[in-house]
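Multiple structures follow.
Okay, so subunit A shows up in both of these, paired with subunit B first and subunit C after.
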Partner chain A sequence: MTGALLDLLLAGAALGAAAWSVAAADDRRALLAFLGYGLLLALAWTRLGAVDVALTEAAIGALSAVLLLGAVARLPAGPAPGAPPPPGPVRRAVAGILCATVSLALMAAILLLPSPAPSLARPAAEGLPALGLGNPVTAVLIGYRALDTLLEKVVLLLALVGVWSLAPDAAWGGRPWAGRPWAGRPWHGAAPDGSLVLLARLLPPIGILLGIHLVWVGAEAPGGTFQGGTVLAAMLLLAAMAGLVELPRTGSRGLRWLLAAGPAVFFAVGLAGYALAGSFLAYPETVAKPLILLIEFALTPSLAVLLALLLAGPAEPPRGAR
Partner chain B sequence: MLRDTVTLLAVSAGLGFFLAGTLGLIRFPDTPTRLHALTKADNLGLGLVVLGLLAQAAEATTALKLLLAWGLALLAGTTGSQLLARLARPAHPAGAHPAAPPAGPPGPAA
Partner chain C sequence: MPDPATLAAGTAGGPLLVLALAVPFCGVLAMLVLGGRRAERLAPLLLAACLALSLAIAGTVLGTRAAVVEVIGGWAPPLGLRLRADGLSAALLVTTALVCCAVAAFAWPDLRSPADGPERRAPAVFWLLLVGLWGSLNAAFLGQDLFNLYVALELLTFAAVPLVCLTGSRETIEAALRYLLFALLGSVLYLLGTALLYGAYGTLDIALLRMRVDPSAASLCAAALMTVGLLAKAALFPLHLWLPPAHAGAPAAASALLSALVVKAPIFLIVRLWFDAMPMLLGLPAAQLLGLLGAAAILFGSVLALRQRRLKLLVAYSTVAQIGYLFLVFPLLVGNVQAGSTDAWLGAALQLLSHAFAKAAMFLAAGLIAESLGHDEMARLGPAARAVPFTVLAFGLSGLSLMGLPPSGGFAAKWLLLLAAINGGQWWWALVLLAGGLLTGGYVFLVLSRAMAGGAGTARRLGPGRQAVVLALALASVAMGFVPLGSLGLLEIGRLPGGVP
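For the complex of A and B:
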């Protein structure tokens, strides 16, 4: 009873936040509603027992919120010059009707599912002992659907190249944030002995421990490379915002090797699968778990630095140099 | 029985702080007063909720995790509100050092 009430509240709040983010008058309000929506979704996944998804949702929600906040801050208020005029009432109504139809069709499809719904949960769980894993989500990500995960990491690398390519020619290979007024000092003039710097000294030991823990337990319990990598990326950004460390130069060869190392190890293990187990990304049963852990631990530093640099943006010409 | 009473009382008191903090966040006129309302909810409200849940914790590690969550929320909330307050102060535009004299018109925001 209490559970049902809680679920109802959660679902209602999530729908409300979603509606608000669509209906909000300006980008900033819409974004805040979207942020709340992501957090509510993470809670909903927890209620459904999908802790892995909840952690990922919280991590991606936080990352995309920072990206979107940065984008909103750069956008001028009001419509951009040269933007097409907003759609008229007829086009809005047609779009609304189309969206409603899709939603209703999806609801109908869910209600019409056979009971019990078709599920791959049992075959997924049956393969766990062969992989030496306890967490079926990790088994899917690095075992059964490893190709998807590998491509996902490569796509992230491409995304970073895309972000970097926005750098002006003069700044190419330089550091992100180098052009900010607070470059080399704490963020936005925060006091050098103030709370931000204190937080950036206190939190990273805890955050780094938590990040590595999330990767380590990923084989047996909710967690994994992505969740752990996000926490590690946040620690790097925090220290950089407090002016305690400098973000690496995007032209640095060491940095580029570090970014490529994780996917490269993943790819190499995949190729070794031809020799050891007969096909790409196949693991021989005896060493499946060590190989999976090797991939996860090789991916983590690459992913953490990659995510931090995605958020930091392209290289900027140093202040005073423009 | 005693545990449940402690939980009920502490969590209810905590929810009271959250309610008051939310009201303040919506109703107060400017950033410093809104921050004041918000930090009460974060610090005391969450603290009381954690206190209430401590009475239900079966293991010491669970209790420690609850306390850690509260401590981290305190740390993050304090830092966030300090930074927001600094940015919101009209006498100190973003980028200015706090020791700078407050006189003179605010410079262009960074």
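For the complex of A and C:
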């Protein structure tokens, strides 16, 4: 009974947050409602027993919060000069009707889905011993559908190159955030906000441990590369925001190695699968778990740095050069 | 009908499919690490390797007269993933390879970092994304699982969007942002449909879906969502708004890739979805609707092309129109099944391939003309024919193919579509085809007559190298008319049995 009540409350709150983020008068409020909506969704996933999804939702929510808050801070308060006028009532009505139709059709389709739903849970669980894993989600990500995961890492890399490509020509290869007032003086803690510096000194040791732990337990329990990598990325960003460390130069050979190493190890293990087990991304049963851990631990630093740099944006001209 | 045993079995040559992904993507990693001039020097080697792989795959498909299949990791569907190259995929792989190589040859002389200086932004991004784009297209042509294909679509988006704003100007960044928003909306809709299908049928493998899908609320909803999402990415009228500024604003080499290849991948996936994954859902109403949108794109795109004041925008609107032809395959195939005719299928496939060559040639030609004149305003094209004669000739030849004049590839394509329309008793599509041809002739002749008018204005003469590349592409689009694709039977190999009802 209390469970049902809690679910009802959660669903209502999520819907309310979603509606608020659409209806809010200004960008900042809309954003806050949207972030709240993400948190409520993470709770909803936990209630549904999908802890992996909840962790990912929370991780993505945290990262997009940094990104969106940064974007909102840069936007002018009113409408931008030269921006097209907001849509009139007719266009709004048409858009609303279209959205409502799609939502209703989706609801109908979901309610009419077969019950119990056809599921691959059993074959996914049956394959676990062959991979030496206990967490079926990790088995899907690094085992059965490893090709998807591998290609997703390439997607992220291409996206990072796309973000970098927005740098001014003169700044290419330079550091993101090089234009900030405290840039170039790491460890001086010259950030405007003293509490941020304190936080950036206290949190990272715990965060780094937590990140590595999440990757390590991913084989048996909810967690894994993405969740762990997100926590590590957040720690790097926190320290960089507080001015304690500088983000690496995007042109640095070391950084490029770090970014490429994870996917390269994944490809190498995948191709070695032809020799070891007869096909791409196949793991011989005896060494499946060590190979999977190798992939996960190689991917984690690459992913953490990649995510942090995706959020940090393109290289900027140094402060004096503006 | 595939049983579990056949789904678990790969074929000879299967590892080639894995290499068609691994070589370009490992190449991207290597180029990232090497950086600068060394990365740019690696690119031609990678392109040559990818070209060889594509030819080898097509050779295997033709040689064995069967699709090439590879099961990844030994996990058969529905749990695992397969890659598969049938005749159409093989033809697209080879076309992609040839166009990418031609574009690379075109870009090579100019788009480079200085020999002794540091890495420069535009060349570094262009070469890395060129190789990445090629791998992404291969992934879209080889995937057999709807979620795997979603990943391919994402790869494609993130490889293509930055190419739009390579020059870094305000207008191109705006165009790139609009393209990104359309592409992401398309991705979300596609993903929603994928999730619905998994919930209803417990698999995302195309061959398994083909056996399991029935006309239920979930499958109809999924089909509609995924089709609309893919249409947004393919820029079919009325979802074409993002295309002209994006394709016209990019540097010529990038426009050629975007217009010739990138928009073809979502169209290919629509074909996979409707003809391979759920043919039983493709009734006459849905097919006629897709055909109607295609017809509207042909007429609307061509008329707008006629009215453009800038050459590159004209070429971009021509892409909007030429994409429309591909969608005529839906009503023509569904209406023509009794006759057992493959005319419509062959015609659409030929249009897909010959437009790739013709449009790449046209965009590169437009780029050279703009470089020679210093602008691409239609009213002042006069001195172009004297300054860059081979380029104008190439523009004319590729126009021949777009108009559908013999002996070009476009002629063969449009002739087959016309035959299918008349034999199937759907004469109204024939009218659209003829009107589209006339309008296309209008804008191609408009450009040619302006370019040959002579007159005042300065024009820089350009060397023969890049002009030769453009001419070769245009000749390829004409030569497609001589490739006996029908009698080779390549495009029929590996098509799933059963067909549309």
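Throughout what follows, the second predicted complex is superposed on the first by the 302 of 322 C-alpha atoms of A that agree within 3 Å, B and C clash if a C-alpha of one lies under 4 Å from a C-alpha of the other, contacts with A are read in each partner's own complex, and residues count from 1 in each chain.
Basically, contacts are C-beta pairs under 8 Å (C-beta built on N, C-alpha and C of every residue); 3 or more make two chains touch, one makes a residue touch a chain.
None of these values were measured; they are calculated from a predicted model.
Engineer: On the superposed three-chain arrangement, identify whether subunit B or subunit C touches more subunit A residues.
Structural biologist: Looking at subunit B versus subunit C, the one contacting more residues of subunit A is C.
Engineer: Does the superposition put A:G194 against subunit B (first), subunit C (second), both, or neither?
Structural biologist: First partner only, subunit B.
Engineer: Please work out whether A:V53 is in contact with subunit B alone, subunit C alone, both, or neither, and reply first, second, both or neither.
Structural biologist: Neither partner.
Engineer: If we overlay the two complexes on their shared chain A, which of subunit B and subunit C does A:L32 touch? Say first, second, both or neither.
Structural biologist: Neither subunit B nor subunit C is touched by A:L32.
Engineer: So in the superposed three-chain picture, is A:A124 touching just subunit B, just subunit C, both, or none of them (first/second/both/neither)?
Structural biologist: second
Engineer: Considering only touches as defined above, state whether A:P263 meets subunit B (first), subunit C (second), both or neither.
Structural biologist: second
Engineer: In the superposed arrangement, which partner chain does A:W172 touch: subunit B (first), subunit C (second), both, or neither?
Structural biologist: Only subunit C; A:W172 stays clear of subunit B.
Engineer: Overlap of the subunit B and subunit C footprints on subunit A, residue-wise?
Structural biologist: In the superposed arrangement, which is not itself an observed complex, subunit A uses no residue for both subunit B and subunit C.
Engineer: Where on subunit C is subunit A touching in the complex?
Structural biologist: Residues of subunit C touching subunit A: 10, 15, 18, 21-22, 25-26, 28-30, 32-33, 35, 70-75, 78-81, 118-122, 124-125, 128-129, 132, 135-136, 139, 147-148, 151-152, 154-155, 158-159, 161-162, 165-166, 168, 173, 192, 196, 199-203, 216-218, 220-222, 224-225.
Engineer: Flag every residue of subunit A that touches subunit B in the complex, lowest number first.
Structural biologist: Listed in rising order, the residues are 180-182, 187-191, 194-196, 198-199, 202-203, 206.
Engineer: Going by the contact rule set out above, which residues of subunit A touch subunit C in the complex?
Structural biologist: Touching subunit C: residues 102, 105-106, 108-110, 112-114, 117-120, 123-124, 127, 143-148, 151-152, 154-155, 157-159, 161-162, 164-169, 172-173, 251, 253, 256-257, 259-260, 263-264, 267, 270-271, 273-274, 277-283 of subunit A.
Engineer: Looking at the complex, which residues from subunit B come into contact with subunit A?
Structural biologist: These residues of subunit B touch subunit A: 72, 75-76, 78-79, 82-83, 86-87, 92, 94-98, 110.
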